[in-house]
Amino acid sequence: MKRATEAEAAARVPEASRVLWSTRVYYQHTDAGGVVFHSRYLDFMECARTELLQSLGFDIGQLARERHVLFMVYSATIDFARPALLNDTIGVSARLAKVGRARLVFRQEVTRSGELLASGDITLACVDARTLKPVAVPSGIRECLEELADSLTGSASGTSAAMPGQS
Amino acid sequence: MKRATEAEAAARVPEASRVLWSTRVYYQHTDAGGVVFHSRYLDFMECARTELLQSLGFDIGQLARERHVLFMVYSATIDFARPALLNDTIGVSARLAKVGRARLVFRQEVTRSGELLASGDITLACVDARTLKPVAVPSGIRECLEELADSLTGSASGTSAAMPGQS
Amino acid sequence: MKRATEAEAAARVPEASRVLWSTRVYYQHTDAGGVVFHSRYLDFMECARTELLQSLGFDIGQLARERHVLFMVYSATIDFARPALLNDTIGVSARLAKVGRARLVFRQEVTRSGELLASGDITLACVDARTLKPVAVPSGIRECLEELADSLTGSASGTSAAMPGQS
Amino acid sequence: MKRATEAEAAARVPEASRVLWSTRVYYQHTDAGGVVFHSRYLDFMECARTELLQSLGFDIGQLARERHVLFMVYSATIDFARPALLNDTIGVSARLAKVGRARLVFRQEVTRSGELLASGDITLACVDARTLKPVAVPSGIRECLEELADSLTGSASGTSAAMPGQS
């Protein structure tokens, strides 16, 4: 990968934390505590990851049906900072933090008017849709995602730099 | 439909309103209004229908994977009488009200300590799991279900009698 | 209410069936049958009703917290025509079909590229958020909604005309 | 942490992995990949935590309404080992791993016929239901939970020993 100039890197920063999916909080997201139920944040994060892949040209519906490729959540770590309330408008970002042979790590944030509500690291495993066994990420997809991950870190130096969300 | 004797009516009551599935109301079922969110009742009803079919020897997971038979909801009518609250224990019944060539009608109730909270008529269409096109209910399943529907109405005389929930 | 001219009525038609809320179908909406799970359509319809009320200046979060007004689903009838699939983009409309003293009836549709997937009549009851007992729709809200319902039917003649979805 | 004797370890096993909540996997839990959608595991874990508190005499509905005490999820870490499928029967355990001044840590597992499907550490923060601000766990509840946590670790020596799930 060619080394990005500083100007290019600067231009990419907003890209990295860009809201990819946004929603109003509806009754169905809330619970009797008056706040958004905690597992709904994982649902919101799924939407943002799907939109990120879609924006790169990967339709996960087609991938599953035609190429038998599923990305299943392998692990998730999520921290809750402030609760979202009914009728709030929230935004969700997804940044590709690491591309492995058979796994992808996303760093995600849920915000409301720029204020952080929740953040998480979501690791996906690539599996065969028919057997549900782990498989390598198809090479065409992997190359495209590696390029994206590298461009976001502004570094060609490899693994540690590619996972800023873990530091 | 012939008029049921009192003895027949009495015999049908426990069968007809038998709770097939029961749950505590957890936070995930409630919304910011402090009550169970309305679409959760449809989820609860699905659980009771599944248990009814399971109790008759039909495993809907196997039916889908091995015989490519799906029962999809074709229409639903639901009335809400009283709200369920956090930590309530509720029961859900499912009675087979009609067996058609390609459709099944269930009459369902959600109760709390015998008090009616919600009731609904749920019509399922039998479809091929690969094409999602309507197909006839497989004959082995249909015969078993017809027998059940007949036994619940206390009559072997056929279709109109088989749908007491609609009268 | 003044009688609408034909031109005004014509101008309002698209308004009546206008998509108020749209979403991509994500994995969380689907089930193992490969289609959107039936109760999710009720969730989608809730979003469109909320957007309709919001577009009229009613924030249901504020209504609940400050004026103790909740709109709870009182009954629902829903018909499913075609299944939505993973990654489909669907639109949801909400038309106010009837305004009663303590109830509102909405006629709603879920479409994909103009093709009807599901339709439903959803009746809401106005309740006090503290007691969950039925109350009259607050007069300011009722007048605004009656005006909307009347304008949609292009008629000032009352109840039957105000509920075209029921005919 | 002091090394547990074999007898102590043996005594802890059944307690630690006791299933508190069990369910069949219904269509509503699955997604188009044919497996249980990942955020549903958090829902299942919520059910088991509620049952654990309930078994100790704490009704979280009453706590919220009468004492204005909410336990909100503060952070969650979850690992997925194997997918659950439609119609599987799964069990969910919840073990209190740590009792802090204002937080509780639960170690939870989802199993199918003894086989581990998912495990997680869920940290709850105690908040005031009216302000959603952090508060200390009410002393009566805290003492009871500390006793439980101590009994599970086989040690009365305090904090570090109280969190075996973290080692």
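Letters A, B, C and D name the chains as they come in the text, with residue numbers starting at 1 for each one.
As a convention for this text, a contact is a pair of C-beta atoms (placed from the backbone, for glycine too) under 8 Å apart; a residue touches a chain by one contact, two chains touch by 3 or more.
All values reported here derive from a predicted model rather than from experimental measurement.
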*Check C-D, B-D or A-D against A-C and flag the pair whose interface repeats it, over half of the contact pairs matching by residue number.*
B-D
*Counting only C-alpha atoms to place each centre, which chain is farthest from subunit D?*
C
*Decide which interface, B-C or A-B, involves more C-beta pairs in contact, and give its chain pair.*
B-C
_For subunit B versus subunit D, what separation do you get between their C-alpha means, in angstrom?_
33
*Just how far, in Å, is the C-alpha centre of subunit B from the one of subunit A?*
39
*Rounded Å distance, subunit B centre to subunit C centre (Cα mean)*: 27
_Give the residues of subunit B touching no fewer than two other chains, as numbers and ranges._
27-28, 32-35, 39, 43, 46, 61, 64, 85-86
_Residue numbers on subunit D that touch subunit A, as the complex places them_ = 32-35, 38-40, 42-43, 46, 61, 64, 70, 72-80, 83, 129, 132
_Residue ranges of subunit A in contact with subunit B within the complex_ = 27-28, 30-35, 37, 39, 85-86
*In the complex formed with subunit D, which residues of subunit B make contact?*
24-28, 43, 46-47, 50-51, 54, 59-62, 64, 85-88
